[in-house]
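Here come two complexes built around chain A, the first alongside chain B, the second alongside chain C.
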Partner chain A sequence: MNFNHKFVFLLPGLLVLIGILIFPIVFTVRLSLSSWDSFYPGLDFIGLDNYIRLFTDDKRFWESFFRLSFLSVTTVFLQYIIGFSLALMVWKDIIFKRFFRVLFLIPMMTTPVIMTVIWRTFFHESLGPVNDFFSLFGITPLWLSNNILAKVTVIIVEVWQWTPFMFLLLLAGLLSLPKEPFLAASIDGAGPIRKFIYVTFPLMAPISIGAIIIRLIEASKIMDTVYVLTSGGPGTATETSSYYIFIKGLREFQIGYSAALSFTYLIIMIISLTIISKLLVKLLIKKI
Partner chain B sequence: MRTFYLTLKYLIITLWSLFVIAPFLWALSTSFKDFNSVTGGATYIPWLQFEPSLEGWKVLVRSPAKGGVDIIEPYFNSIFVTCTASLISIILGTLAAYALSRFKFKAGFIKNNDITFFFISQRIMPPIVLSIPFFLMLGFLGLLDNLFGLILVYIVLLMPIAVWIMVDFFNKVPQEIDETALIDGCNPYQAFFKVVVPNSIPGLIVAGLFCIIFGWIDFFFAFILTFTEVQLLPVKIVALNSSVTPWWSLSASALVSVAPLIVVAFIVERYLSKGNLSGALK
Partner chain C sequence: MKLVTDNLTFKPEKEYFLNKVSLEFEAGKLYTLLGRTLSGKTSLLKTIAGLQPIDTGNIIFEGKDFSTIPVWKRNVAMVYQQFINYPHLNVFDNIAFPLKQRKMKTSDIENEVSVAIHKVGLLGFEKRKIQELSGGQQQRVALARSLVKKAKILLLDEPLVNLDYKLREDLRNEFKNIFTSDLSANSILLYASTDPLEAMQLNGDIIVLDEGEILQSGTAKDVFENPTNIKVSEITNDPAMNILKGSIDSNKIILNENVQFKIPKHVKNIQAGTYHFGIRASDMILDDKGFDFNIDISEISGSETFLHLHQNELNIVLLIEEVKNFNENDKVKINFNLDKLYVFDGKGDLLFSPFKMN
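After this line comes the complex of A and B, so read on.
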């Protein structure tokens, strides 16, 4: 094919994406070197002061980052286990197969913030059904205002919302598997558990890695749920990195400092996601 | 042993199904309550436990001047922004995906895979990182609090999804079909539009559905980049939450706003069961 045609196909998309993104990224870097805040809104140059403050004098950012890591790894792990089990269950013939498939997909189609508003009423400490149930045992757990339980609530909501996505990717993977290995295993007399360990799981390993990484990327952005459900509280018990940057930048208007936070956060995310995906590939593929 | 497995399987499926529908049932029940039945503690069954009222639903169709919640305009705004951004992303994304799947690119150490990765990696970008510069940039352009500003931002969110799905899909469409078209005398554009696109309808639909889902459920950018002139649905509903918290109209409007995408779940399932998704999502 002619040399020029390929650029006609590629460039519109690439240029639009770069065109929209180039300014924000360059500008974030530039902002991070300034002291722009609500008192002095302007692009001065203060060198690396913001970064020095970030690395030496901001425990709250690092705490929010570790909290984010904990929350996203836990939710994605749970989503993987539950999503994989559900996908295995509706993979082969069961009654109302298509009904269950649709039902299990529904949560990911709903807007997270809107469902979180509903969850907030669901977990309401005196008027919600959850505590109505627990009051039968004479206890009223403080789902949204206890340090640990607030995290649990965020995890429950995230698992409800996004397990369907994991389920979808894994079920699509299961449905695309070749039939021969399963036939061979049956002929060799393998039971369902051995079939899973020696055939299904290894065949699903590449798809699993893809699904886990996609979910980790999305989970690392947790912010809407936290904003509506707990506003980062009680105290800072559910504050994630994104939410902390949001407070610094668009609530306290420390624009320069929050740009430094954003940029650092982005770099950390890219590095850690690369390491995690390399590790996962080693861990899951080597087993075969 | 087999009955044990089966019982366990159906038990888990039932429990998870209950978990999935619980918030919807709760919202449905709450939407028929009024002030007294909400503050009286958790109740579930109308007539038996509380006197149902249509207040929550009536508020949605009343004009704002009479204390109603206007969700009709935000509804159309949301539909407009989501569909336009999805359409643009699909068109640009499909063209780029076709190029990446069929032609070889090389510029120094940058090859096809690197360009594909560049597209997809935009999903890694946390929204918060983009929000402040976008806020200032759209301010300069006069596009703050404007639907077209939002569309611009959503293209960044959605194009990576379109490219991700379409590159894999085109890799599975046999290359012979475009070669045959070229031999028959088509130029590359005719080959693409007359032969490749009609053969890629399932992939295009799946990519379109995913763009619509991820556009429709976004809250953060709509929240930061619009204020009063234009409002999208999620922002409007979350704003209800912060005021006196009228749970009944909150639940009613939440149900109305999640309803259209539940139709999407049925379409996605159809493509999943037909096996079309397995090719498109890997």
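After this line comes the complex of A and C, so read on.
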């Protein structure tokens, strides 16, 4: 009997993998080589026309991509700073430690879409409580219809929603650190700040990189917040790649073209995240 | 330069970690804290380092109150029972860490560190990661890190206990060399240990601790020869000194109806009554004219043999300095070297010692 029975046991997993991962990717690639749209649906073959259009004649996509890069890097950076600070705060023995730990996690437990609707109401330019407050000083910032402020609003909401996730990962990391190096550091003459710089931070570097990469992957998919808060507006001031792809594909039904967009986006993301993580490793682990 | 601990007490819950510990340490000397686990050795060291709070008491160093100075400004060095190093740094950076905290010049740091590396025998390992070292080497790194600081107080908390037998012997000798060659008049050295043999070998002053309390302090010779009470005699001897309950009656020491002997010369003017008699395991011999005992257990340790014996209610551990095989429940005849007999009173305090008492 040459038949290898062990492969039979691999089959279910393999089938699922093909069904939900490999087939969609292959199909997207094939789709991106077609001109499928609402007028002429169907898998024709037009070669690389969609890609040529994407690279030569679609400023809006690249703009949305750089906007996305800016938004995701900024939000993740802020999340990391705030999340790390909060985690450090409840890491040590403070009163109501458990209470604060749960409190800081609450935003993550809420539904992002619902919370964004609430935030939109908050930032409503004439009816929202935020401007109610600012009108005390005689100013009413246009939170949702100013090019720059709209980005700030998106960042605030994203940071509020996802800092808890960062906090959770970093707190788990802090709690798993060995206690001994900290003892040694105080004996060796490091005060609280130096202890953080020379011991806590370097020990947390691997966990930090993991958390940042996970958040970057998540953040680069920003869609629901933008959709509900500003619908990419004013103009295209808050339009991100995924939102643009959504518009092209499911609003304008340029299925073939949006497939090309998606696939290009995927490749760029894989390459850039790989570079970013390599850079982070170099920056945080090798140097210190 | 003096380090004085005055009436240190720390009692976080029901049991004392430290109980009225008042000691004086002088520069240029080695002090060994000897006690069993949970006797307060580590607590005392941690308190001096500033890692543990105290309820009452003072620590005074060079005339200044130490307790208001935070840990990182105290200039103490500590080596722990666990091999504590910085896992994210290599050997060189580990040893350089305390110097970097002092913002020393890079060239000075390099000199100091290479001297320390040479001293602890880690030459060629500078770039290694800590995880790539053996336990003994990790402890050498920790030791080098504490030496490089040239701290005025060096605390060693059972630094050898987690190492294997052979390594422990080697490293202990090296420790002794490093200490004696490096221990200028400017450092106070405190070494905690559970092992009486180690304490004797280090040959400094010994402080015997139990349940956070000082039982006795003095030179190694002093503590060994004249343990002030039964507890000290148990802590400072391995195997613990045999403590036998008995009585004195008409010029005879009576341990039970079979084991009776004359009162030795150094026990003078003793009244009749019940006493505790102490005799070290090495101060008894196999002797055909001796008393009959049954063997409970016989264990061979290195080049020695321990015999656990009993006769009626009398239990004795005997040390023979050669390897011999015995069967359990065999009978042997032993005799006591009465010149080495200790007598303790009913409360356990030393009354007579074979050595000259102060």
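Heads up, the rule we're going with is that the second predicted complex is superposed on the first by the 270 of 288 C-alpha atoms of A that agree within 3 Å, B and C clash if a C-alpha of one lies under 4 Å from a C-alpha of the other, contacts with A are read in each partner's own complex, and residues count from 1 in each chain.
Everything below uses one rule, namely that a contact is a pair of C-beta atoms (placed from the backbone, for glycine too) under 8 Å apart; a residue touches a chain by one contact, two chains touch by 3 or more.
Everything quoted here is computed from the prediction, not taken from an experiment.
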Combined model on chain A: chain C and chain B, fit or clash: fit
Chain B versus chain C as contact partner of A:A259, first or second or both or neither: first
More chain A residues in contact [chain B versus chain C]: B
Touching partner for A:P12 - first (chain B), second (chain C), both, neither: first
Angle at the Cα centre of chain A, taken between the Cα centres of chain B and chain C once the superposition is applied, in steps of 10 degrees: 80
Partner chain(s) touched by A:L54 [first = chain B, second = chain C, both, neither]: neither
Chain B versus chain C as contact partner of A:I155, first or second or both or neither: neither
Which of chain B and chain C A:P181 touches, first, second, both or neither: second
Which superposed partner A:V228 touches (first chain B, second chain C, both, neither): first
Shortest CA-CA distance in Å separating chain B from chain C in the superposed model: 12
Common interface residues of chain A - those touching chain B in one complex and chain C in the other: none
Chain A - residues contacting chain B, complex: 1-2, 5-10, 12-14, 16-17, 20-21, 23-25, 27-28, 31, 82, 85-86, 89-90, 94, 98, 100-115, 117-122, 126-129, 131-132, 160, 168-169, 171-173, 175-176, 192, 207, 210, 214, 217-218, 220-221, 223-224, 228, 241-242, 245-246, 249-250, 255, 258-259, 262-263, 265-266, 269-270, 273
Touching residues on chain C, where the partner in the complex is chain A: 49-51, 70-73, 75-78, 80, 82, 84-89, 97-98, 100-102, 142, 145, 149
Residue numbers on chain A that touch chain C, as the complex places them: 178, 180-181, 183-191, 194, 198-199, 202-203, 205, 288
Chain B to chain A touching residues, read off their complex: 5, 9-10, 12-13, 16-17, 19-23, 26-27, 30, 38-39, 41-42, 44, 92-93, 95-96, 98-100, 102-103, 105, 115, 119, 121-137, 152-153, 155-156, 159, 163, 182, 188-189, 192, 213, 216-217, 219-220, 224, 233-234, 237-238, 240-241, 247, 250-251, 254, 257-258, 261-262, 264-266, 268-269, 272-273, 275, 277-282
